[in-house]
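Same chain, two partners: chain A is paired with chain B first, then with chain C.
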Partner chain A sequence: MRIRCAAGGALLIALFAADICLGEAALPLGKTLAALFGQLPSGDVLSRIVWDYRLPRALTAMLVGASLAVAGLQMQTLFRNPLAGPFELGISSGASLGVALLVLGGAGSAAWSSSFSGLGYWGVVGAAILGSAAVMVAIVLLAIKVNAGVNLLIIGLMVGSMTGAVVAILQYFTAPELLQSFLLWTFGSVGGLGWTKLLVMGPVVLAGLALSCLWTKSLDALLMGESHARSLGVSVPAARLQVVLTTSLLAGTVTAFCGPVAFVGMAVPHLARPMVGSATHRRLLPGCVLCGAVLMLACDLATHWPGSSTTLPLNAVTSLFGAPVVIWVVTGRKNLQEAFG
Partner chain B sequence: MLRIKTDPVTRLGVLAALGLALSGCEGARLPSGAEDAALLGSPCREVPMREARRFTLEDCGQVRRLTVSQPWRGSKDVSRYLLVPRTRPDLLERARRLARVPDVTVVAVPTRRIVSLSTVYAAFLQELGMANAIVGMGNSASVWTPSVAARIRRKEVADLGKRGMQVSQRIESMLLLAPDLVLASGSGIPAYDRNDQFREFGLPVVVVAEWMEDTPLGRAEWIRFLGAFVGRDSSALELYQGIARRYDSVRQARSAPGARPKVVVGSNWSGSRNVPSGGSYAATFLRDAGADYSWKSLPGAGSVPLGVERVVLQAHDAQVWVHPGQAKDLKGLAAMDPRNAVFCALGRGRVYNNDRRTNKAGGNDYWESGVVNPDRVLADLASIFHPTSTGDTSMTYYRRLGAKP
Partner chain C sequence: MTRHGELIAVGQDLTLGYRHRRGPVEIVKHLDIGIRAGQMVCLLGPNGAGKSTLLRSLAGIVPVLSGRLAVGGLDPFRMRPGELARTMALVFNERPANGGIRVEELVSLGRLPHTGAFGRLEAKDLRAVDAALEATSATGLRQRSYSELSDGERARVQVARALAQDAPFLLMDEPTAHLDWPHRIALMRLLLALAREHGKAVLLSTHEIDLALQMADQWILLAPDCPPVCAAPEEIALRGAFDKAFPDAGFRLDPQHGQIRLDRRPFRALRLSGSGDACAWTARALERMGWRIDEAEGPLVEVLASGQDALWRIGEHDFDRLDALLHALARHRTEAAEPAQAKA
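Showing the complex of A and B:
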């Protein structure tokens, strides 16, 4: 296991370096490194590209991959279902609703243009956070009331359907040009964040990851089943609440800043399990952080392949490149459901 | 699946009955080749157009024929419209009787009850002095053209959907208006475009494709297309000649050798930026106004999504920035993405947007009278790239972004 983790770590460093050195604008390697290590004047355009675009982008990709993977792992444990992902709680739909209300719903009023120019990107982030937080609060309240994980799963899917319906109504009344802005947001992107935004998203996401690490014992207890958990002295409702809170925080924040990034949350735990070779969350969780960061860096590299004049949508790449990997891993394993008791 | 068994004779009878039912409608259709012999009689003479490439106008004696090719990107459609004088019921009767095939529409001219499903046609009709013929308006919330907007407010013009997909859904309201012309654009996307369905209901739909023209003067020349329907051919020609003359004089003044300031366009969204290709409408404006457009060598006539790194690398040193998106002032533009500071034009405050004439619903006269009067747009752009003492107060559609809102 150590060898595999070391290899994973080496891959992470290599991909991080590649993501910084290989952008969609083909810069000479020597100049890129010179810019990275501050040997070019600070106002130099190459220096600005490396420092303001490539570095935040690579860091964002790692944070997004790690957060969604951990959120996905927590959801799979909570629902004891290998198909669960961070968005089954309706968090992404909540964020989409917030953004749709801002970009599409307000389109008919003067408030839209002024809020959009005044708040800019922050308007979108704020709307997404408000949307996902609203859904999160509703889910947390229901999580206190509802006994079984599967009930929560159904509630999450229903909330997702309802918010999806409101988004559809808003789209129906929107001019195609505005719809385009919203659709672009739904494609997901890690390239939209500069340092200012990263310095807001980073600490929140790191706090979410730290909380998840602190509560791995609750996750183990949930995986073993509720009666077993009780026998270990773990309060199941409290554990469920912890999982819902951290997942909402991680997935909600990432969605707010980068749009709904599909697939990673559901897929990465399946890559991490064989790598770690253990079902205990104390090991699985860091494994997911590593695999998630590696996968997102690889996907980000694929979105802006050097020499191509354009970039691909992130969501298409995560599924297109990630799905075959998961199929490959899953075909080599026995019944995945066994891992869920 | 339910199937009704019928013999071929019965089926033919049903088809004939359907044909007869349709023939009572003004928007009836005609077989592609048959109208020549049946109606046109005398040989057709093509009326020369200067820059418009997507339509042709032919004089065929009493009847006139308009042909529109490729009404939207990727389309292989060719639509034909036979304009038959209202005063010749015999010709109209014959045209309607022959109605069968979907690519020819018969329209009785001049038209006097017009439904416009896009705001730009309101501007064309206003210019032709025919704005009062509009009885129904789609995308009604975004209309800038003052006379039409006022009539919508007074409910003299029926509201056929404020914006979005609802615009193509109001078939019942449209039928009640009994229009003799429905001006629509085509997209090939069923959610936005129900033109075939409108035709099935007998509405005389004309798909206007001015936005497919790659040059400003090409788009403006569609005033002659609309002029043919409302019986204002000669004033349309006169207006267009004036527009072209003024456009040419600005273009010639700016074509002289001299400094052409480098210009960057658009704004970043989700890590990429859509920029117009070198052969596009927007790029033509920039070239004619005497600017050095950063992506003039990009092939094609549409727009292309570029990664932001390439945008920065290629255009960070541009002296002027136009069309920066939704930002209302320099502070807003910097707040949208602090990395915008890399563009020299922002530091120098030389950022211009085409939103001087916009209404609360986002309607922008740049996309209405600006399409009909490209000479005014070009004059604005020329004064941006080659400032004179008059400053930007004389601009019609553009404004310089201020430091404060």
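Showing the complex of A and C:
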């Protein structure tokens, strides 16, 4: 396990460096490092590319991957469903709805445009977190009634459709230029954040990750189901509330800034489990942070492949890798059938 | 550790069920129970009689509708999770989520109530896990993945998890349900040993009437339209409560053999002579075929030798296999029956 984690760490560093060096203009590694460590003159073009564009982009990718993976892991445990994830159960849609209500609904239309102030970001983040939390609470309440399984996925799909419909109605009444930026946002992107936005997203997301790490014990107890969890000394309502809070913080904030990113949250825990070789969250959660960061860097690299001047939509890339993971999970594992039995 | 004989769970005049919009639905009425440390108690009854409801009430998942229920002196429904964890360990039919959990980790979950805020296992916890694996003969499984275990191994590992929790009361919902016959016996033996050697109070719901009759210290027998009882199995049989709980089910408790016997309407009589195992098995086979063993009436079946060289004789015909004997008797029976039918 140590060796695999070390390999994962090395891969993270390599991909981080690659994500900074490679892009529309490929930068030599030596010069990039020099720029990173402030050894180039301050006005240097290369230094500005690295510091103002590539570095925040790589950091954002890592935060997005880690956050979505941790949110997905928590949801899979809480709902006892290996196909649960922030995108799959409509949490990202909830965030979209929150953002859409704020941005397209009028009050925030000024905030969305490129000139929006620091306060505007916080408004968007707040709206996304509230939207995620609303959907998450709805799904938790429904999950108590329907007893997990396939039904939960269907409910998630329906909630996603409903929020999608509301967003579509809002779009219908929206000015075209605003609509375009909103549509671009739904493609998902970790670029274009810049330091101002990253400094809003980073602390919120890190707080969410820290809280998740604090609450791994109740997640472990939930592995055996809710009646066992209670007899293992864990308050189930409190555990539900913890998961609602952290997943909304993580998935909501990420969605606010980078759009609804598909599949990452659901897929990464399945990659992390064999790597960590453990099902306890104390070990699995850091594993998901690492795997999520590595994977998101790789996906981001794929969106801006060197030499091409265009950037692919992030969601297209994550779906290309994520959908096969779902198929692998569904076909390859006996216990999945048991989980749905 | 609790002392043998100490009362762990007490229920007086319990009414169990659930609250529905149109009022409470009572499934079990007037139930008195007393479960002591060192006892294995089997919860029996047909499906829908309230076995799970009683288990869920004892586990504090649902409240009792009326009556007084106390586990370790406290009402389980009002216990805080921490108190619950110190009082009882559950083995209910919930699978671990997401798969990929190793046996060692699953058993360690039982230690969660004893760990600090982050669930880190200390030396005493690791010792408890080792001991629980040892007591359930599951030490060899510790590195295996739970999802690839057989049903019998899973049952043992779940018991190990409950044992690692170190609570005086073990509550199990049909732990033998998916096991094959040898594993059922092995698991019941294990549970009995936990009661006797570790002083646990073990309550399990089961459909294994035969095993429960041979091993349980007490039965809690629930059945619809029948007052619930909690007593020694022999007491229950003696009072006829068992036959009342399963009326017209086509079987009854046979007091002579102390086992479940199917009701039979013997077709006609024959005489049996001989001794030893061969004679006993022959009698069983004949009864199964609808013959009544009589002192004076009917043809004579002689068992001439027992064991490997068993030999039977009817009149001047010898049979070296029981099958052949039964076949001959069956033919004899139909031949005897035909004239009677012709007459009718």
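By our rule, the second predicted complex is superposed on the first by the 241 of 341 C-alpha atoms of A that agree within 3 Å, B and C clash if a C-alpha of one lies under 4 Å from a C-alpha of the other, contacts with A are read in each partner's own complex, and residues count from 1 in each chain.
Quick note on the criterion: a contact is a pair of C-beta atoms (placed from the backbone, for glycine too) under 8 Å apart; a residue touches a chain by one contact, two chains touch by 3 or more.
These numbers come from a predicted model, not from an experiment.
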Partner chain in contact with A:R230 - chain B first, chain C second, else both or neither: second
Which of chain B and chain C A:S161 touches, first, second, both or neither: neither
Touched partner set for A:G23, first chain B, second chain C, both or neither: first
First (chain B), second (chain C), both or neither touched by A:S278: second
Which of chain B and chain C A:Q39 touches, first, second, both or neither: neither
Contacts of A:S189 with chain B and chain C, given as first, second, both or neither: first
Contacts of A:K217 with chain B and chain C, given as first, second, both or neither: second
Contact residues common to both interfaces of chain A (with chain B and with chain C): none
Of all residues in chain A, those that touch chain C in their complex: 76-77, 80-82, 214, 216-217, 220-228, 230-235, 269, 273-274, 277-280, 282, 333-336, 338-339
Contacting residues of chain A [partner chain B, same complex]: 23-25, 27, 45, 48-49, 52-54, 57, 107-110, 112-114, 116-122, 171-176, 178-179, 181, 184-185, 187-192, 194-196, 259, 304, 309-311
Interface residues, chain B side, partner chain A - complex: 139, 141-142, 162-166, 187, 192, 268-272, 304-310, 312-313, 316-317, 326-329, 332-333, 335-339, 342, 358, 360-362, 405
Parts of chain C lying in touch with chain A, wherever the complex brings them together: 56, 59-61, 80-82, 84-86, 88-90, 92, 94-102, 105-106, 108-110, 112-113, 115, 117-120, 147, 161, 165
